[in-house]
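You will see chain A twice below: alongside chain B first, and alongside chain C after that.
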Partner chain A sequence: MGKKFERTQIIIGFILFMAFLISIPFFASDYWMTLLVLILIYTVYASGWNLFSGLTGYTNFGLAWFIGISGYLSSILIADYQWFWLLAWPMGGLLVSILSMGVGYILLRIKGVYFAISMVALTEGTRELFGTGYLEPITHGGKGIPFVAGIRLPTLYWSILFLAFATVFICYKITSSRFGLRLVAIREDEQAAETLGIHTTKEKIIAFALSAFLVGLGGAIHCTYQNYIDPNYAFNIQLTLTPIVMTLFGGIGTVFGPVLGATLFTFIHEILWAELTLLYMAIFGAILMILILFFPQGLLGWMKEKGILPKIRKI
Partner chain B sequence: MTNFLEILIRGLMLGSVYALVGMGLTLVWGVVGIVNIAHGEFVMLGAYFAFWIFSFFHLNPLISVALSLPFFFLIGTMIHKRITERLTNAPELSALILTFGMSILIWNLAQFFWTNTYRSVPYLTGNFSVMGLILAKSKTVSFFLALGITLSLFAFLKYSKMGKGIRATSQNSEVALVCGIDTKKMRALTFGMGIALAGAAGAIVSLQWVIFPQMGGSYVSKAFAIVVLGGLGNVQGALVGGFIIGVLESLVTQYMSAKMAQIIPSLIILIILLLKPTGLFKK
Partner chain C sequence: MTVREPLLKIENIVKRFGEVVALDHCSFEIEKGSIAGLIGPNGAGKTTLFNVITGILQPEEGHIFFKGKEITGRRPHEIARMGIGRTYQIIRIFPKMTLLENLLVVGKERGEAVVEKALQLLERVKLYDKKDEYASDLSFGQQKLLSLAQVLMLDSELILLDEPAAGINPTLQNELMELIHRLNEEGKTFIIVEHDMKVIANHCQKAIALNYGQKIAEGSCSVILKDETLLEHYFGR
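== the complex of A and B ==
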């Protein structure tokens, strides 16, 4: 009886919260809107990263590659071929998820640190390649592509809100599914998982491609939001690192950890960037070190351990 | 023909410095088990170390190369004792993220205190002319310095008691512990040596190229390519790997473009990890 009551309460609370988020463009100032857009973009990145890396334990240091490839295709379609933004975005996501299947097929056989390094190498190599003269007819070389997509801020906000909601919902569904369990089994002991009949390579590739699709969509929206793309910006290592820090901050391998991390961290970023621009990166690095040394399980993990939240996979 | 030979020699000279950086990384990775992304930042610190000693005390840069070894050795062992030792039994990836944080922290602090200005040590400008080949003085001296440090490292690892202890720890840390080797101390020493190699490489780098706070990134990516080429923990392999990277970079810069040369480390890492993940050489 009591449990059912709690459930309806949660659902009502959730509906009210969503209604509030959807109505924000009607009363919030542009400053708060842009802040929220950033939070939502990073929620997509962090959740998408967590979907693959948090569950399988393969640290993906190539998030910027997803973002860059998808951002480039969608920006080129919008800028050079006058595509409608809503059609261009999924094309970016689709391309990067197809490419990531190929990349995953090759690179996911490499374990641990080597996988992380090869993803960094892939990102850096692509970044340099996009800046050279060889791809200039397509990518416009190192000078980048400025473009106007003709999308207003509220529409952009609703699109990214929808995407963020979909991403978190997918993560929620997956962590509580058998597929999620198989991924966690790979993280805990890949050999044992294989012995139990899990087709580990297939599962890893599916999770990798799904993560690439969601992050790629986020990347396409991010580039449209910035109205600009160039290799150093789109394949920036910062785009890989920030979501990882956010996920670690909120709690790796949890559903709502990345959301919490992205929200809190964007605010911290705003304050630090405004007050201590020159030392921003140093503080960022120090936070990263402190997190790994003292709070490896993150905020949500800590709350679960202290008994503030129940120890279930759905959170 | 002389032109080609010159490019080849230039590549070997470049490679000797890269090898120094790569050997430090491979030692720390192989023996301590920590993948040090911040390795490139110590190259940068080494370069600034030499630069400040030169501009404040007007000491000969060759002396600062010699000084950088003990200085960075101390810094390295201290960092290991205070920070990285906690990660001995943690998953490899924790160390990866931790040192990533360290790398950002160091270069941003360097940028904050020393600004983004490009600096250099004006020493040994001019060229040698040997048998019709024109070689820059600073690069030739650097080459022999790097080679000297490399050879002393090999001798140390092969003949000294401590070097044997380090190799034993690298091969099987548990058995080494049973045999009475203080593996904890060996790890700290190795970490210090790795940092010392990076620092000395940086001091050498400052003789020939401009230095700036974010220079570490390009060295660490080359060092990773070297480790992957030579095989994890294989110091001799790292030397050969360094020469390969140096020569390739020199050739590509000459015949294609400097921008393409930047892709080489990434390309090598991807190709080697796919075809022969254990590196080119048997240990």
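== the complex of A and C ==
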């Protein structure tokens, strides 16, 4: 009886929270909406990264590649072919998820630091390629593509809110499913998983492509939001590193860790930037070091360890 | 008259690691429903043989047949799904998963059936009470039982056990061997790598002795254990 009551409370709380988030454009200033858009974009990046890397243990340093490829296709479709944004975004996500299957098929055989470096190399190589004259007819080269998608800020906010919600919901479903368990088994001991009948290559590629799709959608919305894309911006290593740090901060391998990480991290970043412009990087670095030293499992992992939250995969 | 097909047939397997020949034209057959012991000194190729059978390593020469079908060159997960399960000498369960999750992750059944089956197996290896604990919290011997339960979750017909009795206390050892006998009576076939000759003598119907990757003897346990050349190799007499 108690458990059922608790469940109802959680559902009501969640509905109220969502209603609040959905209604924000009706009363909040553009400043707050912009901040929330950033939080939601990074929630998608961090959750999408965690979905693959947090569960399988394969550290993906090519998040910017997902973002850049999808960002480019969607931006080109909007800028040069006058596509409607809502149709252009999924095209970007689809393209990067299909390409990631090929990349995954080749690179997901190598482990640890080698996989990480390969993904960095892929991202950097693509960034170079997109800026060269060879692809200039398509990518407009290094000068980038400024464009206007004709989407208003509230609509963009609702779009990214929906994507962030869908991403977290998918992560929640997967983490508490047997597919999720198989991914964790790969992280724990890939060879043992294989001899227990788990088709590890297939599972890894599915998770990788799904991660690429979600992050790619986020990347497409991100570029539309900026009204601009160029190779240095779209394939920037910061786009890879920031979501990883956010995930570590919130709790790697958990469902809500990346959400918590992205939210707190963006807020702290914003406050430090506004209040202590000159010192913010130094203070930011110190905060990060403290967190990594004292909360190696991330905030959520720490709360599970201390018994503040139950030790279940669904959180 | 039909010749009975052996469950597992190893034919002229050669496996090299550079200059070292780990398995040197190794051949033998395993009958369905038997418990066979695989013995030999350290480095004789026992674990390599397990790795070749389960597809972790590919042999340079030779063929392996399971239930009459060739399995040489197949991927480990395919071989596992065809019905060959194994445990490792160094236990390789999934430490940061609960016991129940360790079994659920292996099962193929849908819905509630898989949970039911996992719980039954945990009951069987007497770990039911710990089903929600992390596998890393178990004792060494209990981890061995969990590892066996994982293989049972696969419904393997042939189970390869790499030193199942090593490093665990006699009570648990007896419990484990008793379980193996009961599973054998239910139709499962076992190949057991073991250093403890008493375990082999007491529990296996047949023994295969390896040295330098070659099969040097094969036969009933009593014969093998009396074999002079083997004892020479094994105990350095």
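In the analysis below, the second predicted complex is superposed on the first by the 295 of 315 C-alpha atoms of A that agree within 3 Å, B and C clash if a C-alpha of one lies under 4 Å from a C-alpha of the other, contacts with A are read in each partner's own complex, and residues count from 1 in each chain.
What we mean here is this: a residue touches a chain if its C-beta (ideal position, glycine included) is under 8 Å from a C-beta of that chain, and two chains touch if they have at least 3 such contacts.
Everything numeric in this text was worked out from a predicted model, so none of it was measured.
K.L.:
Give one of first, second, both or neither to describe whether A:Thr195 is in contact with chain B, with chain C, with both, or with none.
P.N.:
second
K.L.:
If we overlay the two complexes on their shared chain A, which of chain B and chain C does A:Ala185 touch? Say first, second, both or neither.
P.N.:
So A:Ala185 only meets chain C here.
K.L.:
On the A-aligned overlay, A:Ile308 touches which partner chain: chain B = first, chain C = second, or both, or neither?
P.N.:
A:Ile308 contacts neither chain B nor chain C.
K.L.:
Applying the document's definition of touching, compare chain B and chain C: which contacts more of chain A?
P.N.:
B
K.L.:
Would you sort A:Glu128 into first (chain B), second (chain C), both or neither based on which partner it touches?
P.N.:
The first partner, chain B, only.
K.L.:
I'd like to know which partner A:Ala19 touches here: chain B for first, chain C for second, both or neither.
P.N.:
A:Ala19 contacts neither chain B nor chain C.
K.L.:
Enumerate the residues of chain A that count as touching chain B in its complex and touching chain C in the other.
P.N.:
The answer is that chain A has no such residue.
K.L.:
Under the stated contact criterion, what part of chain C meets chain A in this complex?
P.N.:
Contacts found on chain C: 54-56, 75-77, 79-81, 85-86, 88, 92-97, 101, 104-108, 114, 150-151, 153-154.
K.L.:
How about chain A: which of its residues touch chain B in the complex?
P.N.:
Residues of chain A touching chain B: 59, 106-107, 110, 112-114, 116-118, 120-122, 124-125, 128-129, 131-133, 241, 244, 248, 278-282, 284-289, 292-293, 296.
K.L.:
Within the complex, which stretch of chain B touches chain A?
P.N.:
35, 83, 86-87, 90, 92-94, 96-98, 100-109, 111-112, 221, 224, 228, 257, 259-260, 262-263, 265-267, 269-270, 273-274, 277
K.L.:
For the complex, which residues does chain A have touching chain C?
P.N.:
178, 181-182, 184-185, 188-189, 191-200
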